[in-house]
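Take a look at the structures below.
Common to both upcoming complexes is chain A, partnered first by chain B, then by chain C.
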Partner chain A sequence: MTRTVLICPDDPSLLGRLAGRSLGIRLAPSADIAATVAMVRRRNDLFRLLVETPLPLTDIEPDIAWQGLPVDLAVGSVGRFAALTGRLDALRALGVTVCLPLGDRNLTDARLLSSLGIRTRLRLDGGTAPDWERLSDLMTYALLGLVEHAPIEPFQTIADACRTDGRTTDWLAALFDDPQRFLHLDAEGRIALSRRDLMAGAFVGNLAALDSPALAACRRQRAEAWRQAFLDDHFCARCPGWRLCRGRYAAGKSAADGCADFFTEMADVVEQRAALRRERRLPW
Partner chain B sequence: MVTLIVKPSEACNAACVYCEVDRKGWLKSKIMSPETLDMLFARIDAFLKERRNEQIKIVWHGGEPLLIGEPFYRRILAAQRQRCADTESRICHTVQSNLTLFSDEFVEVFRALGITSVGTSYDPVTEVRVLKGQDSRAYDEAFLAGTARLERAGFDWGVICVVTRLSLERPLDLFYFLTNLAPQGGVMFNPILLDKAKHQYLAIDDKEFSAFLGVLFPVWWAHRQRYPRVEPFHSLTETILSGGRRQFYCTDAGQCADTHIGIGPDGAMTHCGRSGDWGLLDYGSIHDRSFAEVFADARRVELRRRGEALRNGACRDCDYWALCHGGCPLDSWDATGSFLGKTAWCDSRGGFVKTTFEPVTGIKPKLMEAE
Partner chain C sequence: MVNILLTDKCVRQCPYCFAGREMARSAATEFLSLENVVYLADFLRRSGQRRVSLIGGEPTLHPEFVDIVLYFLARHFEVTVFTSGILSDARLAEVETYLAKASPNRLTFVCNVNDPALTPATDDAGERLARFLEIAGRWSMLGFNIYRDDFSLDFAFDLFRRYDLKRTLRLGIAHPTASGENAFLHVDRIGPAIARLQGFKADFQRLGIAPSLDCGFPLCQFSDADLGWLVRLGGRANFTCRPAIDITPDMEVYACFPLATAERASLFAFDTLEAMMAHFAAQHARLRADRPGIYDACATCEHRARGTCAGGASCQIALEHRTEKWVRFSEKSDA
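For the complex of A and B:
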């Protein structure tokens, strides 16, 4: 198995209990980044900094301390683009990935940021369903657009990971939610299998269980939980879009909504993109 | 390559509604003895030493071949190593299992036997497959757990879906359900082979099967890169593109008299697995006769003449002869009581090509003439 990444807060007492790990650190924009990074790197590998705030991007001043670090900046929205003018160069230069929730305005803003060369990540994690048609437009732009633009996740990962040998594509790693690769910790060291579980307080153990067979079994069970849809003969198991979504939006549904059309369309777009690349008619 | 369909036991933990293993009316519940297993590999070794360029594929079949447990497969390995020291590089193994009993204890010995993929069958239709004394949900749970264990251990698996009358109304449901499980060995749709008069609620005919395939084929053709191994479409396309020179299945190749032997738990040899289920074509015991003697049996000689007879008779005007060579002789026996007629499933080959394959693909088959 690939080395586990622990996504945890920048809590000194928690970090003090971790050594020899690969860590993704959640922290506020106001945090002392340099000190946190120095502390992490003394005893661990730094996977990524996840700078989180409910504020709009326009309210966040890019921190020079992010220079050379892998930074995801999760904001509540972008805000007025006019107010960003002075910061776009800095965001680009720092290589920051801007993470956005799936609200309608954010889909438009993700496209604008991408067109301005700023990498974005959308939280397509099975939570609140987006406007699937608008998401489909954005996905088509991200994967087939001929004009230069920065990648939009998780579309980029899905397109890169999608295989043509009949296998399904698991792209949860693009959202740091693959339970076989990522674990999410709170400040007390309690472990959740996804970010949504962390927010909901659904923990499966604590630091003492980190390398235990019980936790390994729990992670494996979650990774293989997709089979439940087949056991229940859930309509998602018979959906042509399953190959990309793997039932991510199945919970609580009794009939297909736009997700089926979206993921079916995406499978076509991904194949079209691969064909264009083979013909050297490169979409961006 | 010669294929041996070996049934180490005909016992099964499942009771699928269309099971044919006991059509002959007497199940051989015994497990293949160490002596018979030893004789099997002695025969294999002798055959491969006679034919220096030949290979043998052993399909461990049943019944449910995992019901006999992992120790039996250790005995297979030991017998092969002992009896086939000079020829074992030309022996390959595969298992046809319902997977409901697949556990981690099989992993090591399967790897030692060189098994990389396990064949199974599954029908996402309620109450078609059940474990004895339980319902189809228990079967489904055990099956899905088996596929998970296989994949965890790094084995591929492929699945046959038996198309019954219960399946006819939902072809695309079945197609997506099975391909969404992403079996790397692929998905194969086969028609149920039951007497329509006796099993009206399950049995279908060749036209109904052809219509079922006709719903799936346009979807598969449009996305064949996404669903690379869906049968019979993949093999049919390859066969057509090869001009009829490449055949993938025993039912189409017209050569089973030279390629297949079925072997029961007591060492009784028959034509293939299906003839063993039906109690037909008894070629005697493996303890008494070699494979060379079986291939030289007069009934095999007669079956070898079947192709020529069909080409000059019932199949004379068929443009699609090279696709199926008259089909499986047991289909003919089932319909007419003779092995020498053509299959009763014509419409799902030539008929399907004419009504669906050609219009959807725009490919007009240019098949080689009969040799």
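For the complex of A and C:
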């Protein structure tokens, strides 16, 4: 089994209790990153740094301490492109992945950044529904664009992981939300199965339960929750987009909406992409 | 060079404008979207293009004008912006703030100016132009469209004296639209207009300004001495007439504003710029099938045959075709 990654805040007392674990560290842009990394690496594997701020990207000065580290920079928005141009080289050189919520403007900005060689990650996590048509347009650009550009997640992971044999595709890991691989901790060591659960305060245990059979069962149950849609005969389970979405946007819905078209189209795009790659017609 | 229309809006109503009428009837989208900006940058790069012109309307009216300029620069394009130089205070402040580090080697504003005596500006246009040239002068050259043969360039030379500009004056013949309703330079007035231009040689020389002649000038109207003068000043002349690709905010394409009504297509119908150019070159060839140039002598001209000169602009020929057809139709009706 893949080793569990604990996504936790850079709280020294918490980190002191997690020796030997693989860690993703959530921290603010103002944090002393060099010190945190040094401390973590003494006793842990560092999975990623998740630098989080509600501020726009234009307000964040890329930190030289990020050099050589896997950094996800989660911002509220990008801000005005004109104010960002002086930082593009630094963002590219540092290899930062810019994480964005799913607002309309962020879809545009993800495309701009990607076309300029900056990796982005969109929070397609089953929360607020995006403008599906615009998301579909972006997804097509991300996967079929003929000019080289940086990956846009989770599309890249979905396309890479997608199976064409009719099996469903698990891409939650692209958002660090696969409960079999990731657990999210708060500063008190309480455990949530996803980032959304963490934000909502939906905890399933604490540090003492970390390696318990009960938590393992809980994680497995969440990972396999998609099966319930079949048992309930939910219309999502009969949607052609199911094998990519697995009911991620099923909650509270009484009829299909834009998500069905999006995931169905994506399945088609993924197959087109695979064909283009086989024919070596995608230059990247 | 490809021209991208950022918007169909303009702050002026120039009598010679060959774009306004076309844009007013065609553009469904007010402003080019940033998604399409990325698409266009990809499309041009895939076609090996490294230069792009941003036009309008008045391109600086696009709310994200500076962002678009900076984006194309970040994609390593050379950018030319065709503007009236009449900008709001807010937009001018953005230009000053955000474009400050842009290299004049990679960014050029062609500031199209009108002679205030012959084409009076509205309200505070002169003051706004002055403020623009004060701030954006190092990226700017002047452009002037000739639509009558009694023009003066004194006002332009005065601007060159007052501001630190790129030392090039871009001169264009105002061509007719398909309907010929705009003020344009008729074929029989092109010769006198060029003769008029020669009268300003001393000023060009004294101020060290290179004349840059846009498409459609007929080579036969220039003597060898004129051409030598042009070259010695570092000027350029374009005696050819190739399809200039114009892309509208709603991603339609045509070759040259004046021919916009003749044929247009969706940009998405083409994989590359080469395919698009070939499509519209065929349109130009059809136009010239019966009449190769604007003068009768063009039919047997060696320069036209060699491709050194196109024999004037296709839109002049297209207008003549239209007029001839109308006359023939009237005669037939009368009979």
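By definition in this document, the second predicted complex is superposed on the first by the 282 of 284 C-alpha atoms of A that agree within 3 Å, B and C clash if a C-alpha of one lies under 4 Å from a C-alpha of the other, contacts with A are read in each partner's own complex, and residues count from 1 in each chain.
Methods note: contacts are C-beta pairs under 8 Å (C-beta built on N, C-alpha and C of every residue); 3 or more make two chains touch, one makes a residue touch a chain.
Computed from a prediction, not measured in an experiment: that's the story for all the values here.
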Looking at the overlay on chain A, is there a clash between chain B and chain C, or do the two fit? fit
Consider the C-alpha centres of chain B and chain C from the C-alpha centre of chain A, and write down the angle between them to the nearest 10 degrees. 110
Should A:Arg227 be classified as contacting the first partner (chain B), the second (chain C), both, or neither? first
By the touch definition at the top of the document, which applies to A:Glu271: first (chain B), second (chain C), both, or neither? first
Touch test for A:Arg80: chain B only (first), chain C only (second), both, or neither? second
Touched partner set for A:Thr168, first chain B, second chain C, both or neither: first
What does the superposition give for the shortest Cα distance from chain B to chain C, in Å? 25
On chain A, what residues does chain B touch that chain C touches as well? none
Under the definition above, what is the set of chain B residues touching chain A in their complex? 124, 126, 137, 140-141, 144, 147-148, 152, 172-173, 176-177, 179-184, 186, 223, 225-229
Using the touch definition up top, name the residues of chain C that touch chain A in the complex. 33-35, 38-39, 41-42, 45-46, 64, 66-67, 70-71, 73-75, 94, 97-98, 101
Listed in rising order, chain A residues that touch chain B in their complex are 164-168, 220, 224, 227, 230-231, 233, 237-240, 242-243, 267, 271
For the complex, which residues does chain A have touching chain C? 80-83, 85-86, 88, 108, 111-112, 115-116, 137, 141, 145-147
